[in-house]
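What follows is chain A paired twice: with chain B in the first complex and chain C in the second.
Let's turn to the complex of A and B:
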């Protein structure tokens, strides 16, 4: 009897440190951030001014719109390319391993290195224009001014830069899922006369569902929180996005610490809402309960 | 049919080659720029390969030396400095071109130059004066053209047709004149170069930017050591705490399992940088602010969840039957874990440790908020990148030094990365 009794407690002992850690180093800062976001910085009186400041800020609306565009386009684009890449590598052709190794490099690069890479690239006198010139695609006078495009073009440029780094990460998750699929069912699909496309759509993708969910939810969460790469390429407030505004209030302005906290709370609420909606719609919760 | 297959295969490999090019080109250029001197890095178009030698041209101008370096982009010599002080010249040339001109070499070249100069003195002087007159003529023409162009603008606004055509004619005349002067000047300079200058090559210190990055950015070395410290502490914290939970996931059923599994998502929903802001105050109270331990405590929050996912999939891959067999032979459950499961899981755990190491090593956003006087290495690179005095080749050198360990570690654990994600189900 004692044995089963102790056995039942083992998992709780094993997970206890994690839970304590989360409470001390995650829940506590979160609660204090939420709490202080409702209090005035100078006299500690309850106030909604921190939130009102944000909603009155003309950059807020723009930040929401930019973030939304960024998330929708980048997640779609990155998912499709990552899926294609995973399917290619999964073909196990000669050199698939080399391709995988190379594809992992962008994922391993620190954000700062990526920033240095592209800010030196997209400068008017940078290496992208030089490469185009060496290839004979532009003349010396025809240098493309990448960083001076319209707001929408700038956002697209950021999406491309970001995709370059993030696609390998999604690809790894999808590829891991693909390699775990049973060969028989896919082969059965071909035996029953399926074309490549129908097998992919009717057999491979449905079986890959949970990997797709993992990749998408992790990506959506991090896509809403994009900021560092934008600041490194364009600086603050050129293309405002939500988290960039948080950092702007925190680092660049004095005396707006609590506004920054309030902004964080807004971002967290948006991220949670989007993720919960996603998890609900995609059915991840139901599956867990089975 | 066979041809069709061949075509398909070629097309397939072309796509693969394209993907590899897209991935590697930016990395290649980052590395190339990190090996370039200031002079090369700010030349346009950027060369496809960094140079390993610098070709210099030395002239006597008045009683000073004028030294120029060959620019492959401009295909001509670009003057660097005009001075009579060797130490100044050496220092300036080193900073600009990453070449160290030794005193002996310089003396030999000066001697040669003096001989040459004495031999051709009159010709050189004559050519110089010709050059000077041509240059002043050229200047005059340029100024007049600019003036005429502004007049043309005014005339166009006013719509004075005959005046416009007159001005246009004049501009055309001046521009022709300018072209001939330029051609003459080029010819004269070429002659002058032949009889009045010496040329010599000095090897370039290809890794000079890396040396300089650590010299110029005074806190780069301590920051590097600090980053390693932070990363190791993060690995220690997240692997012990997360590894325990991971084992529980792999072996037991318990209440709230699904919730804890999703915790890695919930933790990420509150932006990391927003956690960092209140953490500043909490860490100050604990006495860990601006210290490696404080940073690793914050980093571990994100890493623990990941470690749970990864270690759970590793332990799941080791069958329980082995543990049970060991227990039948009289070991306790704990003994079975340490004697059987842990040794088998070790490679996977090492991979998970490396994963946490890379995550902590590369993290920039939270470190910007959480450090003040003791930045980590990514923060130092970030500051040179966004800072006003940051030179792009120095920043590139910093970026490459930062990226190299992360890339090497990732490639080492490549096999495990796939295995890790294979067991993950949201």
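Let's turn to the complex of A and C:
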């Protein structure tokens, strides 16, 4: 009797440290952030002013739009390129491993380094122009002023730089998924009349569904939270995005700490909503054929 | 239904390793051919080259007189049953069977009719709406089979389709597969490493080793007229007993002799030995051709029993000659037991003689 009784508690005892850790270092800060976002910075009275400040801020709307554009274009672009690379590397041709190692390099770099590298690269006298000049693609007078484009062009430039860093991450997830697929199931596709394209569309990709879901959801969440690369290259408020605004309020302005908290809450709500919608639409909640 | 011809078919991996080398084979219409051999012998490689899944290094694959060596798999009109079944997990059983038909641009009515027809043939009518993850291994195998049947291929390719099933189901599916083959009459190439599977299903068996064909023949051919030492040793359980022996003439009689065994040969064997001009020879005797006798004079050796392995329908008796274990298959009765001294003779009609150097079987016997 006592034995089964104590056995019943073992799982809870084993999981307790993790739960304590989460409560202290995750749940408590989150709750206090949400709590303080509803209180005035100066006199600690309940207020909605922190939120109202944000919604009245002209940069907020811009940040939402920019973030949305960034997410849609960058996730699509990165997914397609990553999938292509994963399919190529999965062919296991000679040198596939070397290509894989090279492709993984950008992932190893921190965002700050990537930002620094490309902001020096895209400066008018930076190394990209210098490279193009040496390749004979531009003349000495024809330097491209990368950083002076319109807002949309700037955003595209950021998307390219970000893609450069993030594609390897998505590729690794997709590649791992591809390597776990039954080779014979795909071969059966060819035997039973599929062209390469049909087999990819009707057999490989559907079987890869769970990896694709993982890659996309992780990427969507991190894309909504993009900020550092933008700040590294353009500075604050040149191309406002959601998280950049949070940091801006928190770091660059005095006395707006609780506005920053409110902003974080908004970002968190947006991330959660987008994730849930994505998972619903992609059918991840459906029980997979039991 | 079609004919298949392989001409000098070879596959090289890297620079030196040959997966298959100079495979030559002609398969007649409606024939059930089994490629048999130990793992790594090139049987699966050969099958995959026929399917178009493996690039051919040299040689040709000809189906119905048409060279398909460099054709994509989908244009070869073959179908295949894989070892892992390879049913598509994201499609229902119905869709698994219907998908290849859709790719062939059949009308929905035709597809429906055909799916139901093959489902009935392999007895999976009730499972059509399920997903593969809801099926047992045996049921998945039937789905894979139905899918392969539905496309009415010129040639059926089967890559160890039964090896993932449990022993009992395997034997049952064997019979069913043979019955289906009988019904459809489709030319079939079946790969296996299980000799009893090969013997029980094949019209002809192709025995392979190290990428090369060792012998092609009916089950009886390869069993009773094994072309060489490898085939004689590979086919049959327990395996053939081999003895290295000297050929010695004594008082006008011819003997095959080694340290433990002395066989006084009959006229038939003597005739076969006439053309053989070496002193040593390899003698192969299948376990059922070694007979336990009471007559000491006709015994070729006399030895204590090491162990008896009862099998119900028969017994396998092992004796030790020097450091070689010799196996004898005898009827279920009379019973023998370990340490019993037995006299052993043989059925010379079934003796196999192999050249000591080439290991090829001597002709005329």
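Simple rule for what comes next: the second predicted complex is superposed on the first by the 272 of 290 C-alpha atoms of A that agree within 3 Å, B and C clash if a C-alpha of one lies under 4 Å from a C-alpha of the other, contacts with A are read in each partner's own complex, and residues count from 1 in each chain.
Here is the rule we use: contacts are C-beta pairs under 8 Å (C-beta built on N, C-alpha and C of every residue); 3 or more make two chains touch, one makes a residue touch a chain.
Here the structure is a predicted model, which is why all the values come from computation and not from measurement.
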| item | value |
| --- | --- |
| Touched partner set for A:11, first chain B, second chain C, both or neither | first |
| Which superposed partner A:206 touches (first chain B, second chain C, both, neither) | second |
| Residue contacts on chain A - larger count, chain B or chain C | B |
| Partner chain in contact with A:228 - chain B first, chain C second, else both or neither | first |
| Partner chain in contact with A:187 - chain B first, chain C second, else both or neither | second |
| Chain B/chain C common contact set on chain A | 288-289 |
| In the complex, chain A residues that touch chain B | 10-12, 14-15, 17-19, 21-22, 25-26, 28-30, 32-33, 36, 85, 88, 93, 95, 99-113, 115-121, 123, 125-127, 129-131, 133-134, 140, 143, 164, 172-173, 175-177, 179-180, 210-211, 213-214, 217-218, 221-222, 225, 227-228, 231-232, 235, 243, 246-247, 250-251, 257, 260-261, 264-265, 267-268, 271-272, 275, 279, 284, 288-289 |
| Partner chain C, residues of chain A touching it in the complex | 182, 184-185, 187-195, 198, 202-203, 206-207, 209, 288-290 |
| Touching residues on chain B, where the partner in the complex is chain A | 12, 15-16, 19-20, 22-27, 29-30, 32-33, 42, 44-48, 240-242, 244-245, 247-248, 251-254, 258, 260-263, 265-275, 277-279, 281-282, 297-298, 300-301, 304, 308, 358, 361-362, 364-365, 368-369, 378, 381-382, 385-386, 392, 395-396, 398-400, 402-403, 406-407, 409-411, 414, 417-422, 424-426 |
| Residues on chain C engaged by chain A in the complex (per definition of touch) | 51-53, 72-74, 78-80, 82-90, 99-100, 103-104, 131, 133-134, 147, 151 |
